[in-house]
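The structures come next, written out as structure tokens.
Two complexes follow with chain A in common, the first pairing it with chain B and the second with chain C.
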Partner chain A sequence: MKQNSHIFLVLTLLFFLIPLLVLVAQSFSAPWRFQTGAGLDWELRSYEQLLQNPMLWKATFTSICIGFVVLLLNVLIGVFTGKALTTVPFKGKPWVEALLLSPILIPVLAIAMGLHIFMIRAGLADTALGVIIIHLVPTVPYSIKVFHNSYQQIGRAMLEQPHILGSGFFRQLFTVELPLLKPALRSVTFLTIVISLSQYAITAVIGGGRVLTLPLVFFPFLENADASVMSAFSLWFAVIPVWMYILVEAAILLLPYSRLPWRNKR
Partner chain B sequence: MLLFTLLLAACSGGGSQKEAWKDMSWETIEEEADGTEVRLYMWGGDEGINRYIDEWAAPRLKEAHNITLERVPMDAAEILQKLQTEKQAGKQDGPIDVIWINGENFKNAKENELLAGSFTDKLPAFNEYYDTEDPAFQTDFGTSVEGMEAPWGKVQFVFHYDADRISEPPSSFEELQNWIHDNPGMFTYPRAEDFSGNAFLRHVLYAQAEEPSDIYENPLNEADIQPAADRTWAYLKDIQPDLWRSGNHYPNDLTELDRLYSQGEVLMTMGYNESRAESLVADGVFPESTRSFVLEPGSIGNTHFLSIPFNSSNPPGALAAINFLLSPEAQLAKFKPDYWGENTTISLDQLPEDMKQKFEAVDRGDSVLSTEKLEESFLPESEAAYVEWMKEQWFDEVVQP
Partner chain C sequence: MKSFNLKHSLLFLPAVLFMLLPLYGLLTAVLNSFGRHRGWTLDYYRQIFESNRFVTSLVFSLQTALIATLLSILIGIAFTRSFYPILEKMAPRVSVWIPMLFPHFVWGYMVILLLSETGVAAQLLTAAGWIADPQQFPILTRDPDGIGIILTYVWKEVPLVILMLLPVYASIRPEYYALVDTLGGSAWNRITAVELPHLLPVLMETSLIIFSFTLSAYEVPALLGTTFPEMVSVLSYDWFYGSSWQKRPLAFAAMVSISLVLLVLSFIGYGYLNKARWRAMRGSRS
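Right after this comes the complex of A and B.
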């Protein structure tokens, strides 16, 4: 057992922590030309360049807003669909489940290009709403799957009990189901935000450059040999989902029966 | 059915009003452009270029003409894809007013009628300060321009080397061949699919032809260029074993080659834009001793352009903005190494004396060759078909065997 934990530690260090530390170090220094034998020159130039970019803040803000709305819609759709799939008996359920998963099997770019014409005619192209809708395509199937599994784990019996005790629909949802769905909420939060935040192609097609999210500013810089600016950009990119996750975590604490850290008696 | 007819009518209508700018005088165009917003869609991967637009051009355009210039980062291929779909959907008030374009993309845009039409004769700056008859402005990779795009800048292909490690760079493709054999593993070029790698290969083709003009003056005819092509493959196969990683692997794009050069793994890199090393040296990516050179028979250069899409919702604003970006002041700021450092398309002889002196006084930096040297070695671009041909043939002839 002891041996296993050592192996785990070494592997984590080697493949996760050290690369991350190199990234952090590179972002705070001039491009490291290690083969020339030079050391690191510490400087803040890459962050200066990053923060000087006038589109950065706007794009970050847009990305966060879109991410939250996409998350909210995902939770709404996921919870109700997942519950329906568990509790309502009907014929051909496996087919419906397969159909609901299908958007992630078809390349999302193909869907976006097909939807683009429709969105132009519906007036949704080049708008944030259009981008939010297209971001639902690669996220909603996962959310439905996650919530469906969770509802199945909770079980029919647990869902019937509050009903028998006379609770209404929303009371049951907020006091019984959502608290039990907390792990699912966390997974969906992380998945949705990370997926929505990193969509480049479909955002460019549907948003048409009018809806400027972070990848639209960030991705062109991949064609750049300047490793420092790339590292700074990558870290900026990585920190956002972490912050959003913390915010959602705080919101989850507001659910009934949450064990609040500041009055944790046990 | 009625709804369908109405929809069709709505989609096909609105043509006459869009064309109104074609009959306007320049004064009217400027009046119409006053107080409007112009969206410039362009590739956004270079901080210097972005800052030139955001920090230099946009505020001055606002001040001088009360036009708000908004830069939108997007690749040219994606812009065309977007325009194509908008055309299909019959969208007449598109969000794109100005696009940055050249070569294959221009050819596609023109063939698919995605552009607004001929407009350069409207622009006072173009007519006054540019050599409008210059062949470099008349054709773009072999496609006739016909006034549908305005020349914004030009770049020339150069090689970069580290002067601390190479005392005398090669001066012809023969010497480069010898240098590669003398310094195995220290040179490579990006794959033919890459824009810059393809340009390197076309240079070799130019060098192996009887005269470079045999290639760039003629449309692609495989039978005619067979001897030159055979010599090109022979040259490339001859250097292959002494390339980086013995030629078993080629960098996928210029960025990879730049990184290798940055790390000192290879001693040369290359690329369009004779001054691109300046900012990379300033940022510490390239060594400070980076200098550039060109090889006999010469270096290929091309022009890049600004154009207006068919469904711009503000053609007068687009015209005024393009005219401003072509003006001597804007070109001078673009020429200076502070932001972009790129060569100008303006004709210096047509400038007022004091402006001409300002251009001549600009110090482009140590890594940039002199204007005389660049002009003397300039070779025009061949037809766009050669690019495709090279992509296909290179893999079969050089990589496969």
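Right after this comes the complex of A and C.
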């Protein structure tokens, strides 16, 4: 057991922690030239250069807005569908589950290309709303899965009880279900935001290059920015999910039966 | 509980509306690939399957995606089964999930930063005197064998496999292992008789998700691939956005061909799982 944890430590350091540290170190120093015997030159130039770019701020704002709406829609669809899959008995449930997962098994690029003409006709091409809609395709199946699993752990009995006691739909949702769905809300936040931030191709197809999200700025940056600036930009991508997570955590505190940090712990 | 069920069927409405998106998108892609606006034809499929560029690309994509999926799954299983007691704790779990915090193409840049010919690894090896100059470092990114693409995907997907398998391993009761030991089973029997039946549904689903993603995603191959051979997604994107609209139907035909492969695989996978579930319910294992 002891030896096992040493191996774990070495592997985790080597493949997960050290790469992250390298990225952080590179972002705070000039591009490395170890082979010439040079050491690290600590500097903040990369962040200055990155944060002075007006495109970056605009794209960050667009990405956060799109990500936030995509997240809200994901929670809505995920919670409703998860509840329905758990409470409504019907035949062929495994096939329905497979069908609901199918959007991530079909290439999302094919779907975006197919929807492109529809988006043009509906006036949604080149708009943020169109991009939000296409970002639902790779995210919603995961959300449905996470919420469905969570509802199943809560169990049918727990869901029928408030119904029997006569509470309405929204009261059931806010006082019983959502407080029990907190872990699911956290995972869905992370998954949705990271996946939404990962979409270059479908954002370019539907947004037509007019809707400028962070990936659309990152790719051209690769051509002419040096390693320091690229590392800083890479870390910038990780800041957004963390920031959004804190925001959602704050929203979760508003749910009933949350332990408020400024109150006495029960 | 009649009213309970009836009202709850309405909860499927958002999901049904959502499902219209991918279904409509795929259907339009299929219709366009058969030349919807220019008279029905199989010509676009004939063109792509007769072009060396597409066929090479298809083989290269299937091969790259298959290797990436198998490696991710195998490393993921090995890692989870060796370390799941450690992974119950918060700090180790979070450190393993670091790659999941970044988009795929950002992790792709990480691979370039670390492993390209001018990357950190090449520089360190040169500074340490293991290789005479960075040019001797093997070409691992933007290489014709797709090594860079595979590395990025495996690095990024292993945490996903761990995420999916962890709850399964945590839920296997130790009595099952004791049973195998009592009946004189080997370590291999522990895997085949206890772990695999528990893992099978999750494993199948995870493999399908990773395979479809690695086969059809654009970002990582665009960053880490070469121009020949290229992944089908990159080729289709070029055809879709190329200089002339003439090639758009080819993009549709290429993406639809890929979708067909994935749909058939998914059907086989889920069909097999359902049959396995059916057999388990009836209690026979043959």
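Please note the rule applied: the second predicted complex is superposed on the first by the 249 of 266 C-alpha atoms of A that agree within 3 Å, B and C clash if a C-alpha of one lies under 4 Å from a C-alpha of the other, contacts with A are read in each partner's own complex, and residues count from 1 in each chain.
The definition used in the following text is that a contact is a pair of C-beta atoms (placed from the backbone, for glycine too) under 8 Å apart; a residue touches a chain by one contact, two chains touch by 3 or more.
From a predicted model like this one, the values you see are computed outputs, not experimental measurements.
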TODO: Look at where chain B and chain C land on chain A after superposing the complexes, then choose clash or fit.
DONE: clash
Task: Which of chain B and chain C A:147 touches, first, second, both or neither - done: neither
Task: If touched residues of chain A are counted for chain B and for chain C, the larger one - done: C
Task: First, second, both or neither for A:28, with chain B first and chain C second - done: neither
- [ ] Based on the superposed arrangement, let me know which partner A:225 touches: chain B (first), chain C (second), both, or neither?
- [x] first
Open item on the list: Just checking: does A:80 make contact with chain B only, chain C only, both, or neither of them? Give me first, second, both or neither.
Closed with: second
TODO: May I ask you to decide whether A:53 touches chain B, chain C, both, or neither, giving the answer as first, second, both or neither?
DONE: first
Open item on the list: Looking at A:208, would you say it contacts chain B, chain C, both, or neither? Reply first, second, both or neither.
Closed with: first
Open item on the list: If we overlay the two complexes on their shared chain A, which of chain B and chain C does A:120 touch? Say first, second, both or neither.
Closed with: first
TODO: For chain C, sort through 236-244, 254-262 or 272-280 and name the stretch that clashes with chain B after the overlay.
DONE: 236-244
Open item on the list: Quick check on my understanding: which residues of chain A belong to both its chain B contact set and its chain C contact set?
Closed with: 33-35, 113, 117, 204-205, 222, 227
- [ ] Under the touch definition given earlier, write down the residues of chain A that touch chain C in their complex.
- [x] 1, 4-5, 7-8, 11-12, 15-17, 19-20, 22-23, 26, 32-35, 37, 76-77, 80-81, 83-84, 87-89, 94-95, 98-115, 117-118, 133-134, 136-137, 140, 144, 160, 163, 169, 190, 194, 197-198, 200-201, 204-205, 215, 218-219, 222, 227, 230-231, 234, 237-238, 241-242
Open item on the list: Taking the touch rule as given, give the residues of chain A at its contact with chain B in the complex, in rising order.
Closed with: 30-31, 33-36, 41, 45, 49, 52-55, 113, 116-117, 120-121, 125-126, 204-205, 208-210, 212, 216-217, 220-229
TODO: Over in the complex, which chain B residues touch chain A? Could you list them?
DONE: 39, 41, 43-47, 50-51, 54, 72-75, 78, 81-82, 85-86, 88-89, 91, 95-96, 253, 255, 258-259, 262-265, 280, 283-285, 287
Task: chain C residues within the chain A interface of the complex - done: 1, 4-5, 7-9, 11-15, 18-19, 21-22, 24-30, 32, 79, 82-83, 85-86, 92, 95-96, 98-106, 109-110, 113-114, 120, 122-124, 126-127, 133-134, 155, 205, 208-209, 212-213, 215-219, 222-223, 233, 236-237, 240-241, 251-252, 255-256, 258-259, 262-263, 266, 270, 273-274, 277
